[in-house]
Amino acid sequence: MSGDGEAVVAAVERVAERLEAERDHLTQLDSAIGDADHGGNMARGWAKAAETARDLDDPDPETVAKTVGKTLMAEVGGASGPLFGGSLVFAGAELEGGITPETAVAFAETYLEKVEDRGDARVGDHTMVDALTPAVHTFKKSIETDERPPLEALAKATDAAERGVAFTVPIRARKGRASYLGWRSVGHQDPGATSTLFILQELLRTVA
Amino acid sequence: MSGDGEAVVAAVERVAERLEAERDHLTQLDSAIGDADHGGNMARGWAKAAETARDLDDPDPETVAKTVGKTLMAEVGGASGPLFGGSLVFAGAELEGGITPETAVAFAETYLEKVEDRGDARVGDHTMVDALTPAVHTFKKSIETDERPPLEALAKATDAAERGVAFTVPIRARKGRASYLGWRSVGHQDPGATSTLFILQELLRTVA
Amino acid sequence: MTVGLVVVSHSERAAEGIREVAAEMAGDTRIEAVGGDGQGGIGTVPDAIGDTIGSADDGDGVVVLVDLGSAVMNAEVAIEMGDVDAVIADAPVLEGAVNAAVAATDPNATIETVREQAEAARDIEKL
Amino acid sequence: MTVGLVVVSHSERAAEGIREVAAEMAGDTRIEAVGGDGQGGIGTVPDAIGDTIGSADDGDGVVVLVDLGSAVMNAEVAIEMGDVDAVIADAPVLEGAVNAAVAATDPNATIETVREQAEAARDIEKL
């Protein structure tokens, strides 16, 4: 269990590094249809989250998730703060008994629900929900119906998120700043969906 | 204008040929999450539609669209009959003044709306709406905002539909027969989204 | 004058059987059945549904009971294309047809009261 | 092994038609239909229901869908008298049969999961 907690801290560190590396890329995406701060928001927030997580003494996964979530809420700003951070705090409670295939599914579902509720967004609105929905559906199905091992389920979920990111390009935004652009949002990849994919890719690399 | 009508008839013939060629493929997709008749439904319906359209005397685009739609309603059966056929009859009225970039956009938007209304489906429900939405959004944006020529707009719309088809794979079905499968629908490509893509590809080939 | 009923199913046999069951409770109410793809197979066809709605109508309108997804859509198309005052009940097809048959025997029945009773069939507890 | 299904209706035609509709979604699932009073009329007979439950059973039990009141009671009698592990779903008969047919194709299906899915058919919104 404390091993699990350390693995989660390691994952957070990888995510922080990746988002730092993608800072310009994400900002560029956000500059096309938003306010050009998504790269900075995410890189800064996750750097701080990694720092805070590293300082935890013998942490369990729930504590790490909640700590990271709270830090993101405090540091990220913008829409991503409450969406990534608040949902993580909330879903973190599902990891109370450690990380098992069952708690991982519960965590994923709760996280998605919270993002949907908080942002009042649904799949097809050109937001991070478009990456999350296929990822969470595929993860849940792979574990519960197909009884695949968690690593394989996470790999499939990550592939699924990629299709979701691609799907944001040709559709019109109905939530978030991009929705102000109306039809001009069509043809642009959503920054938050993209950073969601990067996070999943790093989680996958940590456990693989 | 009567030239346009003939071009539409030619497009319908191409679509019919393509759907005949894809009969087994579509049926295979429908057998995984439905009742294994989508290939037959579409091939039969469009063959009959092509026949009826060929028999029209000096037709205009509106007449061709409505005739094809009515034939599909009568011949296709299943959910696709009212969805493809009924929407075509309804949207066909937008072509009253012939085919121009403006009427084509109106046609596309009306068609999508009608499919959504009739099936009570929205993007992300794992239906043909997932292919149509990105195609229609992209077409409209390319014409109206980017002022691209219709051919280029249609090519982009077709690419967009392809992403929509891919997006159906990792998500759970909420409408149509596939929705009865619940989580087991995850991991399967939607037949109606796929046939929608084939139709767009043939429209594109006809005008290209 | 009475409200008419139409039972639409993907299976012609199911539609006719359901009509039989409902007819037991129907007094003089006109109940018509329609179903199948017109070629002996499973499906529904808007034209056939439209014709059947026409024969069930007696001037007071028609309540339509349907089984699955595409029957709903084809019934909608039929109603839009026709000129009968008809509504679809959001109800289980057999249980709704039985309830509707009973409701239609009320001399004050309207398509709204009949539809309402059909929809109440949702809540029937069988056990 | 799979869970079997039995459709019981007062009308033999309805039972068979409902089986046709459900069979479209049923893969290899065994679905049997039984109905009527045994003399071409409307009704249900416990013995016939019992025999049909017997033929639908494959060792994993049977879920029974029923239409109206007396079909329920006759199915209960048939189950009590037989030795098949069978349960009645408290569900609309056609919609429940379709849901159950799909549920039974799940390799992990049990009579409980199939019954549950059948009963969820109550909440299907058609419009």
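So that you can tell them apart, the chains are marked A, B, C and D in the order they are listed, and the count of residues begins at 1 in each.
One rule holds for everything that comes next: a residue touches a chain if its C-beta (ideal position, glycine included) is under 8 Å from a C-beta of that chain, and two chains touch if they have at least 3 such contacts.
Here is each chain with its UniProt name: C, D = phosphoenolpyruvate--glycerone phosphotransferase.
The structure presented is a predicted model; accordingly, all values stated were derived computationally and were not measured.
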item	value
Comparison of B-D and B-C by number of C-beta pairs in contact, larger one	B-C
Far-end chain from chain D, centres as C-alpha averages	A
Chain C-chain D separation of Cα centroids, rounded to whole Å	23
Rounded Å distance, chain B centre to chain D centre (Cα mean)	38
Distance between chain centroids, defined by C-alpha means - chain A, chain D (Å)	45
Centre-to-centre distance between chain C and chain B (centres being mean Cα positions), rounded to whole Å	30
Sequence positions of chain D contacting 2 or more other chains	24, 98, 127
Chain A residues counted as touching two or more neighbouring chains	none
Overall pattern in which the protein chains touch one another (line/ring/star/complete/other)	other
Set of all touching chain pairs, with the criterion as stated earlier	A-B, B-C, B-D, C-D
Chain C-facing residues of chain D, complex	9-18, 20-21, 24, 35, 42, 66-69, 72, 88, 90-95, 98, 121-122, 125-127
Residue ranges of chain B in contact with chain C within the complex	35, 73-74, 77-83, 86, 118-119, 175-177
Footprint of chain B on chain A - complex, ascending	122-124, 130, 133-135, 137-138, 140-141, 144-146, 156-157, 159-160, 163-164, 166-167, 169-172, 183-184, 186-187
In the complex with chain B, residue positions of chain C that touch it	37, 41-47, 68-70, 73-74, 76-77
Interface residues, chain B side, partner chain D - complex	34-35, 120, 177, 180-181, 184
